[in-house]
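Each in structure tokens, the structures are laid out below.
There are two complexes below, and they share subunit A, which is joined by subunit B in the first and by subunit C in the second.
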Partner chain A sequence: MKNEKLLDIQNLSVSFKTKRGFLKAVNNASLTIHENESVALIGESGCGKTTLSTSIVDILPLGAMITDGKILYKDVDEKVLNLLELKKSKLRTLLWSKIAMMFQASQSSFNPVKKIRMDFIDTVKAHKPRMSEREIIKRSEELLKMVMLDANLVLNSYPHELSGGMKQRALLALSLLLEPKLIILDEPTTALDLLTQEKIVVLLNELKQQYGFSYLFITHDLSIVSELADVVVTMYAGRIIEKSPVKEFFKNTKHPYSLGLIKAIPKLSLDHTELFSIPGSPPDLVEDTIGCPFAPRCDRRLNRCSLEMPNMIPADNPHHEYACWNPNNGD
Partner chain B sequence: MKINNTVLFIIKRLLKMLFTIWVVTTIIFFLIRLMPSNPVDRYVEEQMVQYGLSAEEARAKASFLFSMDLDKSMLEQYITYLGQVIRLDFGDSLLSPGVPVMAIIAERLPWTLFTVGFGLLLSFIIGISAGAILAYRRDKWYEPVVSGIASFLSSIPDFLIAIFLLILFGVVAWGGGNPILPIELLRGNYSMDVTPGFNFAFIKDAIMHGFLPIMTYTVSQVGIWVLLMKGSTISTLSADYVTLAKVRGIKPRRILSAYVGRNALLPISTEFAMRLGFIIGGSLIIEQLFVYQGIGLELLKATSGQDYPLMQGIFLIMTIAIVISSFLAEIFYAVLDPRIKAKEGN
Partner chain C sequence: MGKLLKVNNLSIKFSQKRQDSVTILRDIEISLNPGKTLCVVGESGCGKTTLGRVLAGLLPYSSGTYHFLESEVSEMKGKDKIDFRKNVQLIHQNPYESLNPTSMVFDIIANPIRKHKGIKNTTKLYAEVTRLLENVGLTPVTDFVDKYPSHLSGGQRQRVSIARVLAMDPKFIVVDEATSMIDTSLRISLLKTLKDIQERTNISYFFITHDLALGRYFARDQEMMVMYLGKVIEKGNTEDFIHNPLHPYSKAILSAAAGNSGLLDEPSEFENYQLGGTEIPSFKNIPSGCPLHPRCPQKIEGLCEKLVPKLIEKSDGHSVACHLHDEQK
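Moving on, here comes the complex of A and B:
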């Protein structure tokens, strides 16, 4: 059974105003997240992953603007809302109750001068003003126990009294507080040790089963992608260049850049001289590029590549799409 | 455990404060007593040369005036002096014999505290609000204009602002009529015909008399608050916890008060107490310009009349005022920011 579309990003473009001109951080990106689906967004640093995800929750930094596109969200009553045209006050009621987000390195996500309990209470009060503090604390304690924290201790601590991993888990509990439909996770496991990482990944999978959440998560760690994602989306230079179901992605990678990312995973059996890396670095996004932005670094480059930007085309599997003139076909 | 930490913190700060006051007291004592051509020796000399007193008589007179027994050893004198300081007894004024120094200070200090405190508070409230607004509207055209005016104001010495205000309000006859304020009637702290006390006529009169000094402190201080608050708010606005509060759908007003405001005010609150001390010290010129009978004007009189006991008393009181206000600032800071106490505990 195919789940319904929950969030549909259509042709989104985001530009930053810089001294040298407009920097196109996200360029004509389209992305669909279905209900109870987990989408992984991968790519090198500076490819627009964070910009894409922050534009969903309206926290783009000063100087950034959305030049084109729509972000459609299907609300509970089947109404489809364009988040970009929504009134601020209406959007505020959707945020966190429907779409929650966990930042990259969430070390300073809690108010430094208040105890953690205040962040939990504030959050619920903003959406359900009638809920009593006792109920809120009770619910928070349940969630904190679920992420394997000592609830009483965490709620009565200041952020500086908790370790990085504890804060990250507390934030995860906070993001579950209003049972949102979609949780955006920007590198959810980067600050954690391997054992805690594994626990978090298992927990995220369980929560997805239990509550039917959808995830959009950004990561550099492809092993987490294989464990957690249903769909993998590769971004390069502000563009989405490959979208694929996760099994198909690892088995039948089409875009040379995605393939490069997979090859760059260190393997224990290799010694470090054999470690693969993609030569060069991502292009300057201020300059207009004709053709595929990856062409200068690509080992499968054709003449056509530097002249014309390829569109997204479906592979044999219709859910698998890529933008490349000379895709990898296992040769 | 938590309470212990707080108590420990306060006791530590209290001891530090007492230590600072003790050091300053000691320095003042030795400055007056030990320096070549120190006030005591000079006074003795003067009495001998000008009035032909014998050395014995002159020293006896000096001991009486400075309330020091010059025949005792330096250490004994020092201990007696410390005892007097603890009792806040600085002896009598030289210029108005028979009047204790403390009585003069008690008479003058409240007026300086009133004008300086009022002015500083006013500038703080205006500056903090303006700074926070500018930080929110930093992409608007008027942001650089207001910031420019603020940094201009904060770089002019306060006595120039005082002179300017004096001319603006008290000298220039706007449109051929009278100046806005009858400054010649506004000398002193209050008019002769009102009775000091808690009545409307007196309070209104006191505010009228203090208006120009208060304005001077306000205008000279407001710029620095605008700039400090703007900088502090901008850095707070980009903090993760503010962005996340927005994503959590918390109402903008709540974010401003509980997330941005409180964190942005932290570094500035200490500055407030420091400024209070500095301005009390700097009130000397302002009070002279407006002939305002505060501690600054008194210090000026004491200096020109070589009234050493009075100078000594004023210096010490000013020091104590500064040290106490920075003590209060530290306590206030610790209340606002739990991290301070935690650092202390480790």
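Moving on, here comes the complex of A and C:
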């Protein structure tokens, strides 16, 4: 199975203007999503995951600037478009029909004065003007049931009458309903219990098979990563520091930061009195670092690490890349 | 030591336009001592947040009683009410709705300190705000004090919410999935911080989570409680509950948490237990008898769909509402 590239982010940098200077939220990041591939983006809170994914759909917050890079998208007719150079009107139509995003703020994404039913109809109509209201409701009901919701009740509720996880699932159903090529999911399951999560993972995997969707999803839940991702990408301080097929990532983790994230997962089967966490605090994104940004917190640090920035290099498995001078080798 | 809070037979109804009202919480009984943690788990939509909001005094209840430090909450007036408001805090599940968008991070944290602790001196305030932000890992502090919530990432908002609540030195905090948008490593260090504070100040937590392993750690030697469709179906000492779950729903969530298929899972001593059926639980259509019966693999025909099981204490402090464990039926 070698699918073609769907989205190819090349050397993307995004900065925010702040009082002390430019805060580099995304720094020279490159990332490829193939057709029918599911990519998980993980990393520390505040490391730039949301910024990276919102730059794809052109909804960066005020004050953000893309200072470098390309975002290439392969359209139906094999034409490759740089989303960053596309005319706004062309970009809009492309985004509405081909790329959908479920925001991290999903629990507040619905219009508070409208019933969910109207929100569904309006959103789908905007994306797919040819779909009739009856079709929209029928498909909504199917999808809502698949995410374990009482469809009738949810469609006839106002957002404030739903729990956090119910809103999250309703929004997920809505983005699936649009049937885009690529779905970006920013923390789609933060409010869901395990049994519901399991159902959703099954559903996402099924729909991916059935419609050939690609996913870019952001999560802090590594068990979801292990069940839903084909490829895992770790970010630290705005940079991509490891990329790997999912099995290889968990079996043969190279970057000490990725390893720290895995080590910090609490396991039910172990009786912990203390749990592991990575010491130290995240780096300053305004200051320029010469060396590896993780070096001050790293237990595998060499002299070289504070002096020279490591580039991404391939591991034994050529699909696995990492940026580290002294990677973990299982020693 | 006296009780911090005690809830008896509490229920909540939501009235709705042109529809019958729906009862969300039923027959809730809780008691909590100072310095203790009660960890709450349950299916999405089962009423955890609603119960948390009642305990935080943000939602009136329809019947039953709620005593906080010996006083009935619905009857509190004047100074008692002000004290209650200060002593009881909630960390909201959704950090995109809980922070005032027009206040800077500094004021979000300094305002409650000004108000509740009467500190007005700017240098002192600044020192206190710095300490709190460092506590939740928002460093360098100078970068965050003049930011507005819209300048923060999801996890950074959650941490500001935590710092703001800690600023008030409450006696009781409802922690509603407050670390869900934070990476595994930082999440652990935040929970350690909350536990340290508990040891120092004897604060109590109502800790809502869906991560059982995290709950086991945070509520170690304390209590865990499972809810299903608005009712408490099992409650017990954390270790006892983890190793010896009684209710079929509890067994199913523990089995899911231990995992047995994924890449991350290790062979474990936990029983593989799954619910069946395609029923979608809904408050509009609560099943007769035991609310779990349409999904329960151990349903007793002729009993479970007819009779509502009572919450019965099986062993020291470990209670369950299930006919499989009710000898008197």
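Going forward, the second predicted complex is superposed on the first by the 319 of 331 C-alpha atoms of A that agree within 3 Å, B and C clash if a C-alpha of one lies under 4 Å from a C-alpha of the other, contacts with A are read in each partner's own complex, and residues count from 1 in each chain.
Assume a residue touches a chain if its C-beta (ideal position, glycine included) is under 8 Å from a C-beta of that chain, and two chains touch if they have at least 3 such contacts.
Only a predicted model underlies this, so the values are computations on that prediction, with no experimental measurement involved.
By the touch criterion defined above, A:130 reaches neither subunit B nor subunit C. Once the two complexes are overlaid on the shared chain, A:111 sits against subunit B while remaining clear of subunit C. In the superposed pair of complexes, A:59 makes contact with subunit B only, with no contact to subunit C. Residue contacts after overlaying the shared chain place A:122 against subunit B, while subunit C stays out of touching range. By the touch criterion defined above, A:101 reaches subunit B but does not reach subunit C. When both complexes are overlaid on chain A, the residue A:87 reaches neither subunit B nor subunit C. In the superposed model, C is the one of subunit B and subunit C that contacts more residues of subunit A.
Once the two complexes are laid over each other on the shared chain, residue contacts for A:161 go to subunit B and to subunit C alike. When both complexes are aligned on chain A by C-alpha atoms, subunit A residues 61, 107-108, 161 touch subunit B in the first and subunit C in the second. Across the complex, subunit A meets subunit B through its residues 57-59, 61-62, 92-97, 100-101, 103, 106-114, 118, 122-123, 126-127, 158, 160-161, 174. Against subunit A, the residues of subunit B that register as touching in their complex are 138-139, 238-241, 243-251, 254, 258-259, 262-263, 266, 336-339, 342.
Residues 14, 16, 41-45, 48-50, 93-94, 96-97, 137, 139-140, 142-143, 146, 150-156, 158-159, 177, 180-189, 191-192, 210-214, 216-217, 220, 242, 252-254, 256-259, 262-264, 266, 268-270, 275, 280, 282-285 of subunit C are the ones that touch subunit A when the two sit in their complex.
Residue ranges of subunit A in contact with subunit C, taken from their complex: 16, 18-20, 23, 42-46, 49-50, 61, 63, 104-105, 107-108, 145, 148-150, 152-153, 161-166, 169, 186-187, 190-198, 220, 222-223, 226-227, 246-247, 250-251, 260-262, 264-269, 272-273, 275-278, 281-282, 284, 286.
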